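The structure's right below; bear with me while I get my questions together.
Letters A, B and C mark the chains as written, and numbering starts fresh at 1 in each.
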Amino acid sequence: MKEEPILQILNASKSFGGVQALVDVSFEVKEGEVFGIIGPNGSGKTTLINCITGFVKMDSGKVLYRGKEITNRPPNYIANLGITRTFQIMRPYYSLPAYKNLIIPLFSPRARRKGGWRGGGKLGDRATVSIDILEEIGFERDSFVPYKLASSLPTGYLKRLELARCLALKPDIILCDEVFSGLSMSEIASMVPLIEKLQMDGITLVMIEHRLRELFRVANRVMVLNFGAKLTEGIPEEVMQDERVKEAYLGSEKLLDYTFEA
Amino acid sequence: MAEKYEKVTNTIERRKERLDRGIKVRTEGIYAISSLEEVAYLVLPRLILIMGLLLLPAVIPSLYWKRVISITCIYALLALGFDFLANFVGLVSLGGAFYIGVGGYMAAILNKYVGLSPIITIPLATFSGAIICTLLLLPALPLRGVYFAIVTLMYPLAIARIIEALNILGGTDGILGVAGFPTRWIEQYIIILIVIFALFGLRRLVNEDIGLVFRGVKDNDQAVRASGLSITLYKSIAVFIASGLGSLGGAYLSHIYMWSGISQFALDFSIIPIAATVIGGGGTLVGPLLGCFFLVPISEFLRAFGTLRIVFYSLILMAFIMFRSEGVMVYAQRKYHQFERWVKV
Amino acid sequence: MECRNTIQHSNVPLFYFFTMDILIYGIVNSFSLALMAIGFTLVYGISRLPNFAHGALYVITGFGVWWFIHKLHLNYALSIILALILMGLIGAGVYRFVLIRVRGMATSEIIATYALGLAILEFLRWRGFKGMTYTLPVFIEGSIQIAGVPIDLQRIIVIGIGIVVISFMWLFTHYNKIGLALRGMAQDEHAAMMLGIDSDGMAIIAMAIGSILAGLSAIVLLPLGNIVVEAGYNVLILSIAVCIVGGLGSWGGAILAAFMIGFVQILTVRYIQSHFHMVVALLAIILTLILRPSGLFGRQKELEERV
C-alpha cells in the first residue's frame, strides 16, 4: 500500500430540499486499501458515492483524485479516470446473456485505451474479452455460465456481474454499494475471496456495507456516517468499541457485540 | 371446512404458454443453413418483402399512384427513423417534418443557388441536413426525454411560421425551379432501393454491439454513464442517423416535386410516421415501414376530405396506444416465431 | 401586435411615450403569456404530464363560447360560464378515459396528448372554422389613455384577470385542502401517495383545472382578435416556451418567465420587426436548454438525481 491518498473528499455537503444528506464529510482513501463506509440506514452513504462519482452535484466541498480536483464532473468522465462504482439496485439486461452485459463498458474510451484483457494490445472481439473478464470473476466457463441469460442468474452472480462491469474499465478504484447484501451465506463465503483478490490486483476498494462481520474481514479501515455527518474513522476494532457508534446503530451493546465477531 | 376446500380448488386450472417454434430454435445458430426448410423460414419473409417492394411499381399502372409509392417510401424513411429513435434509443421525435423540411430546403438551395445536380444535392443535403438537425437538437439531448419531444414538436411549427413571417427562403411561395430526376425509372427505383438499404442497415445496426449501447441508453442510462460512456454522444449519433434519413427523404421530395416550401414542414410528415409505427408495431423496424404502406395510400383517398385525414390518423393512433399497443408486426412476428398452447397448472 | 399610428393623437414627449408604450403593452403581453402558460405548467407540475393538447383546449373554448352565443343564443356571461364548466369536464374526461391507460409509459403519454391535440385542431380546421368570420365580442368596448398611451379596455381586463387568477391559484394551493394536496403531489408524488392522497384523482383535478385555465385565457384573449385554428399551435408553442424558461412545473417561474419573454417580444416587435415573437420564443427555449436547462426556478435535481 502506498502512502499518498488516491482519493480525498473534503467537506462534502449535500441537501435535498430540506433534508441534509451530507454534512461536511471529509476523509482520505489510501491507494490499495479496502476502506469501509458504514452507518445506519439513511446516513447518507449512497449519496456520498453519488457525489463522488458525479451522479449528484454537491452543494459544497471537493473531491480529489490523486491530487487532481474532479468535483462535480460528469459520471462518465469520472469512470474514465478509473473510478468506478456498483449500484445497490442492479438492473442488468435481463433478456441478454451475461457476457453481453459487459459489452457496453467495453465501448468506453478507457477500456479501449487500456487494451485487451490479458496484458495490453488491441481490444479485439468484445465478446471474447467479456467472457475472459467473467471467468476472472468466477463465472465458470466450462458450465457455460457466461452465456446464460441474466434473468436466470442468482443474486450472487448478479453482484459479480456488477463488479465485472467495473472491471471492464480496468479501474483504479471501485466504490461498492452494498455488494454483500442479498446474498446467502455460501455466496458471501465465495465473495470475500473475490474482494481479497481484487485488492491483491492493486485495486482500491471503498465498500459501503451493512454486513459488518464480512466487511471487517476485508477492510483495512472504516468510517462511520450518521445523519450525513462523519462520526469517526479508524481500524474496525477500534471503531466498534466507540460508544457513539454503538449508539448510532442500535443503542444496545449486546446486539452490537453479536454482529462483530473477529 | 369442506366448503373452504371446494372454493380453494376453484382456481385457474390451465394457462396459456408460449414456446418458440422448433424451427426458430433450430435456425438460431450455424444450423440455419442445414436444410432448405430452415433457410426458407429465415429468408422467405425478407425475400417477399424485397420482391414486393421492387415489383410494386410494375404492377401499379397509374402514374399518379406510382408517385404515391415514392412518397410512401419517403414516409417510410421517416418512420424507420422514428421507430429507431423511440424504441431503440428512447427519444420520441414528435416533429418528423423538421427533418424533411431541413433536407428539402437544403437540396433546393444547393440545386438552385449553387447549381449542383440532384446526384450531388441529395447526398449533400442528407449529410448537411443531419448535421444541422443534430446541432439544433443538441441542447435537448443531455436532458430527460420530454425535452427532446418538446423541442422536436416545436421546431417545425416555429420554423414554418418564421419562414412565412420573415419571408425568407422563398416565403410562402417556396423555392421554385428545382431540377427533377433524369428519368421516371430512376426517380421510382432509387428511393425504393434506399428504403431497402435503410431497413436492413438499421436492422444490422441495432443487432451490432453499438445497438446494445443504444438500448442501454434507453433502458438504464445511469449504468451506461457509470460504464464510462457519454449519453449525449450516443444520442447524438442516433439523432444524426434518424435525421439523416429524414433529410434524405426531404431532399428526394424536393426533386420529385421540383419545389421546396413550407408545406414540407406540414403535420402529415410528423404524424404519419408515429401512427405507422404504433400501428405497424414499434421496435420491429419493418412494422413502421408496412404501416406507411397502409396509411399513405389511405391518406391519398382521404385527400378529398381535407384535414380530416389527420384527425383519422390521430384517432387510430390513440386507439392503438390505448387498447392494443402491440402493433401488427409485433403480433405477426410473435405468431411466426412462437406457438401457444394451453397447459395444465 | 398591432400597428400603432396614434402618436399624433397624444401630446406627451416622444421618449416618455415610447417608454410607457413598451411598459404598458409589455405588461399586457406578459399577463397574456402567463395566463396561457399557467394551465400547462400546472398539469406538468402535478402529474409530470406534458399536455400537448393545451393549445387545442384553448381553441375549443373559443369556438364553444361562440357556438353558445350564436347557435344557442345564450347571453355572453352564461356562455362563458358554461364553456368553462365544459372545459373542466373535458379535461377530467381526457385524463380519466385516455391518459389513465398510458400512465407511466412516458413515450405513450407524450404521443397520446400530441395526437389528441392534433385531432382536435385539425378537426376544427376541417369543419371550416377559419378566417375572419368567427370572433368573440370584447367585454367592454372602448379604450382609454394611460399616461398618453391609448389602450383598449379589454387589454386592461387581461391584466386584471391575470392578477386575479394568479392570486387565486396562490391562495388555493396554500389554504385549500385540495390545493394543498395538489402542491404535495407536485413536490413528491410517492410521499403524497403514502399520505393517502390519490394520485389519479389529483391528476384528474389537475387536468380539469388546467383545461379551465386554458379556456379562461382563451376567453380573455380571443376577443382581441379572431378565433383561428392556428392560434392553437401558437398558444402551445408560447406556453411551452414560458414553462421551459420558468422551469417545467414551477408556477412562480412561469410567471417570471412570462414577463421576461413578454417584454422581449414587445421590444423586438416595436424595434426590429413584427412577427418576431415566434423567433423570440424559439430562441428563449434554446438558450434556456443550453444555459440553464432546469429553467429559472425549476427543481434542478430532477435532471440529475435519478439514481
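General observations
The rule is simple: a residue touches a chain if its C-beta (ideal position, glycine included) is under 8 Å from a C-beta of that chain, and two chains touch if they have at least 3 such contacts.
Because the structure is a prediction, the values reported are computed rather than measured.
Chain centroids computed from C-alpha atoms place B closest to the centre of all protein C-alpha atoms shown. Ranking every chain by how far its Cα centroid lies from the centroid of chain A, the top place goes to C.
Among the chain pairings, B-C comes first (most C-beta pairs in contact). Separating the CA-averaged centres of chain A and chain C is a span of 48 Å. For the pair chain B and chain C, the distance between C-alpha centroids works out to 33 Å. Separating the centre of chain A from that of chain B, both taken as means of CA atoms, is a distance of 42 Å.
Within chain C, the positions touching two or more other chains are listed as 307. Counting partner chains per residue, chain A has residues 55, 87 touching two or more of them. Of all residues in chain B, those that touch two or more other chains are 222. Contact residues of chain B toward chain C in the complex are 86, 90, 92, 94, 136, 139-140, 142-147, 149-151, 153-155, 157-159, 161-162, 165-166, 222, 267, 271, 274-275, 278, 305-308, 310-311, 313-315, 317-318, 321-323, 325.
Chain B meets chain A in the complex at residues 209-210, 212-213, 215-216, 219-220, 222-231.
Those residues of chain A whose C-beta lies close enough to touch chain B in the complex are 53, 55, 74-76, 79-80, 84-85, 87, 91, 93, 96, 100, 103-105, 107-111, 126, 165, 168-169. Across the interface of their complex, chain B is touched by residues 50, 52, 98, 101-102, 106-108, 110-112, 114-116, 118-119, 122-123, 125-126, 233-234, 236-237, 240-241, 244, 248, 273, 275-276, 278-279, 281-282, 285-286, 289-290, 293, 302-303, 306-307 of chain C.
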